[in-house]
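A, B, C and D are the chain letters, set down in written order, and residue numbers restart from 1 in every chain.
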Amino acid sequence: MNAHLLVLEVVVPLMAAPLCMLLPSKPAARMFSIAVAWITLYLAWSILGALGATEHGVIAYELGGFPPPFGIELRVDWANAYLLLLVSGIAAVVLMFGPGSAGAAVAEGRHAFFYTAVLLALAGLLGITVTGDAFNVFVFLEVSSLASYSLIGLGRGARAPMAAFSYLIMGTIGGTLFLLGVGLLYQMTGTLNMADLTTRLPDVLDTRTIVLALALLIVGVGIKLAVYPLHQWLPNAYSFAPSVVSAFLAATSTKVMYYVLVRIIFTIFGAAFVFETLHADYLLLPLSLIAMFGGSLAAIYQHDLKRLLAYSSVAQVGYMMLGLTLASATGLTAGLVHVFNHALMKGGLFLAVGCITAQVGSSAMGDLRGLGKRMPFTCAALVVGGLALIGVPSTVGFVSKWYLVQAALEQDLLSVAALILLSSLLAVVYVWRVVELCYFSEPDATQVEVTGRPPVREAPLGQLLPTWILIGSTIIFGLTTDLTVGTASKAAAQLMGVGP
Amino acid sequence: MELALDVASWFCLTVGAALCVIGAIGTLRLPDLYTRTHAASITDTLGAGLVLLGCLLQAGTPLVAVKLVMIYAFMLYTGPAAGHALVKAAYARGVLAAGIPEEAQEGERPSESDLPEEP
Amino acid sequence: MSEVLGLWNYWVVIVLMMIGLYIMIARDSLVKKVMGLNIFQVSVIMFYVSMGKVRGGTAPILPEGGAEGVLFSNPLPHVLMLTAIVVGIATTALALALVVRIKEAYGTIEEDEIHALAGGDGMDGRSAVQGEAE
Amino acid sequence: MDFPVEVILFLFLLATALTVALLEDLFAAAMMTGIFSLLSACLFTLMDAVDVAFTEAAVGAGVSTVLFLSTLALTAQREKQHPFTWFPLLLVILTGACLVTGTLDMPHYGDPKAPIHVHVAPEYIAGAERDFGIPNIVTNVLASYRGYDTFGETVVIFTASVGVMLLLGHRRRRPGPAHRPTITPEGAARMRDFAIVRVVSMGVIPLIVLFGLYVQFHGDFGPGGGFQAGVIIGAAVILYGLIFGLSTLQRVVPSPLLETGIALGVLLYGGTGVASLLMGGHYLDYAVFDSDDPKHGRHLGILLVEGGVGIAVTCAMILIFYSFAGRALAREAFDEGGGGQ
């Protein structure tokens, strides 16, 4: 069984999805999908363990028994093993939350379809992460994207389908540009296997076609990753989607796309070509700095908590891109650590918003007034998550910013280090707005009467538990960094070609 | 023998192609939907039929020949039916024929109340 | 000159792609956007298929007498593009389903009118709240 | 020799694409997109990609046209005129210029010495006869070397139908003023009154299904395979629904049956892989199915996975049609959809 871990990681959720659709009842589908997500988490953990036992830190699997580059190869090293653990872990926790507001949008008797779609999105993301074949990335990218478009379209209110449609148009442009880029690479080298591409690309690196291929791949992935200025779909998609879907996508989808970008730049093309020959950092570095500030500034002016978090995601993608652009082992470690940490905090925060919308019926900032007394645990989760976003010591945010600043200082980019710290102050502003509303302002008496809803109570345990698992782990992984930083630094060393 | 076959097939192909062009001109130039459909049917049956016959004469194996015959049979069967459905739908929707006064076309078509009302 | 003869069809495909892309980003009608999406994807498929063509080659199906001395076009792009076509129709179906939902919610499928109805370009928090509460 | 034909077809394609861009009548534009697909299918045939051409014709000119027309019947028939803006045009021209620059170092069209023709592909052509004995190399590569991609492809179509059912699968609880409940039965009744259409379709539909089955099982030898067969059989069933009404069709093929079918199709594909795992091979390694004769085992495996694709795609096509037709507010979906067949 051990030998087939890689393929099982994808096939288990992939085959569970149609099975889940056939389940007759809502609780059965829910329990089944949770179980499947935990199995994938277990498999991801085993893969990480198996990787530690190997000599070079690489596990490969030949699908259909055909040797690469003829058949499709699955190939896992430290970077994707780390991502597998993150994605399956988030899915395992988020699925426990239940469908939230998406439940209302699904027709009676079709509730299993919601879980089917989540499992498909999960399978797609795991498939992207585990594969060693460039075209296969596209196939699983589309599986996960199609599932996420439909999940976003389930959001409450009239605007969710429009947000999903805009995302679909942008996402398909991105996916198709990616496909075109893969096509150009294939045309110049004759292979689709990533490892084979790495060996065959140096012969043709000086052609304009390869430069174009790189540009297409970066733009294609950049759209799905919401790299500034290609992020326009993200705020609407995250704020109109059901909260649980926002939590899942914010914590996994962009993270996997970040991994794909890292794989393209560092494994396929090589950092030397991208950053020393082409000087992509001249473009990417300013863009990531603009994202950090633009995203945070926009977040400050939002009137809706979900939208605030969505804009904060744009800023956080900026931090990750900054780590990548620094093109050093430390920078890459910082980027990868931040991927993990941001997934924990954003997942937890969106779940907390899910608790609030389930009780209050809205995520508008105004409705947060005085919520600290009525929903103490949920608001505490918001505060802890917010502190992690700022980067307060003993939270995960501090760890990633520490490494990021260190990487900037390593290259004598003092100004960049200063900007990182400065942008954290912006996070303080928008987090403080939330804290102030929750704890230091009284609920609007008129508002309560107008809405005429039953008094707001604390969210049920079934929703609080997953929220606090994620929020709690932002503290745990802020204190013990062995798993995150340890694995990320191994992955970074491997990607830079220095390590084992 | 070879030559005779070639000549015959060339003849069929050329005439078939010419008929297709005539059908196309008719579809563009005729005044209304009904006459245009009529022109298009030339392409459907005669033009395509002759082209297929020309190909049939060039067919090397019986399998190919049988396939070509089946294609033509299918076209003969479905083409007119599709044209019929199209024209009848247009008629029911109130598309007028050219050259006939509008009043003369009233009355015979199903009245609007028979149709499910518009959203 | 040899470039013109050797690369012209890639250029035509690029023009087609750009027409599709233009429809997607410039037109306001959502259905029209999906049509542009179709054209864009078919052009990329055509790009792949043209690079699989070998001059003087034939379709990659082994003839009955054996494949001795027969030159085949490259089958791999064909295989990949079959998958891409399926992805294309799947995306189209989902996009059109969303369009139907949007029409039901707003009564129009013109993007600018939807934004006007939704209040601003979607950057306004108040309208986000209304959307949520509906 | 085929050079001028290609040039002419490309010119037609350009004209069609421009027409789609300029037309304000969305029905006409939908038909033009169908024609665009058909022309591309012709070009694919010239470029030796017969399987791709087949699929594009069935999907682009068939299924997606029906989907477009059903959507238009539910939404709007004309596009509004908008003032012209320069920015998108400039962006597109710039992108196009970059792409053209990138093509300059490419191997030329049809060059037999291009990297893609010398590196991996020769093995596929040699292996088709040596290891598989399947004449259609495309079917062979699709189901064996890249069988995992094809599994993903089946899941893509499954995902799309799950998504469409999630979004459109339920009736609106409170229809707005502009909407009426579905009027499918009446709309269909009119088509049913067309005696000629009814009789012809009763003759044609079984033939189409038969042809679909031929495509399914002949895919090893000629162009075709599970996906194309699924689309064709699905189209036949949809045609039946267009003529005899959605409610009649749903009595014949009820929705739950299709939902089970699509799930089983995906499971059959994935299950073939799991079976090969359990028999000691790698995932989707069909050779283990017959330890004495790997060729035979591979045949069996390819038959099974193609069957899975066929079942899943047939059910997916019909389910997607159900979701749209179930929302049909006007009879146009049926009239015009029937004309588009």
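Here is the rule we go by: contacts are C-beta pairs under 8 Å (C-beta built on N, C-alpha and C of every residue); 3 or more make two chains touch, one makes a residue touch a chain.
A quick note: this is a predicted structure, and the numbers were derived from the prediction, not measured.
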In terms of CA centroids, furthest away from chain D sits chain A
Chain whose averaged C-alpha position falls nearest the assembly-wide average: C
Which whole number of Å gives the spacing of the CA centres of chain A and chain B? 56
Centroid from C-alpha atoms only, then distance chain A to chain C, rounded to Å. What do you get? 26
Centre-to-centre distance between chain D and chain C (centres being mean Cα positions), rounded to whole Å: 13
Distance from chain D to chain A - Cα centre to Cα centre, in angstrom: 31
Multi-partner residues of chain C (each touching 2 or more other chains): 21, 51, 77, 80, 83, 87, 90-91, 94, 97-99, 101
Using the touch definition from the top, which residues of chain D touch two or more other chains? 99, 103-104, 106-107, 114, 116-117, 120-121, 124, 146, 149, 152-153, 156, 159-160, 163-164, 167, 178-179
So, with touch as defined above, which chain pairs make the list? A-C, A-D, B-D, C-D
Given the complex with chain D, which residues does chain A contribute to the contact? 4, 7, 11, 14-15, 17-19, 21-22, 61-66, 69-72, 106-108, 110, 113-114, 116-117, 120, 123-124, 127, 135-136, 139-140, 142-143, 146-147, 149-151, 153-154, 161, 184, 186-192, 200, 207-209, 211-213, 215
Mind pulling up the chain A residues that touch chain C in the complex? 135, 138-139, 142, 146, 149-150, 153, 156-165, 168-169, 172-173, 175-176, 179-180, 183, 186-187, 235-236, 239-240, 302-304, 306-307, 357, 361-366
If we count contacts the way the header does, which residues on chain C are in touch with chain D in the complex? 2-3, 5-12, 14-23, 25-29, 31-32, 34-36, 38-39, 42, 45-46, 49-64, 66-67, 71-83, 85-94, 96-101, 103-104, 107-110, 112-113
Chain B residues within the chain D interface of the complex: 74, 77-78, 81-82, 84-86, 88-89, 92-93, 115-116, 118-119
So in the complex, which bits of chain D are touching chain C? 6, 10, 13-14, 17-18, 20-21, 26, 29-30, 33, 36-37, 40, 43-44, 47-52, 55-56, 59-60, 63-64, 67-68, 70-72, 74-76, 79-80, 82, 85, 88-89, 91-93, 95-96, 99-100, 103-104, 106-112, 114, 116-117, 120-121, 124-125, 128-129, 135-138, 141-142, 146, 149-150, 152-153, 156-157, 159-161, 163-164, 167-168, 172, 176, 178-179, 221-223, 227, 320, 323-324, 327
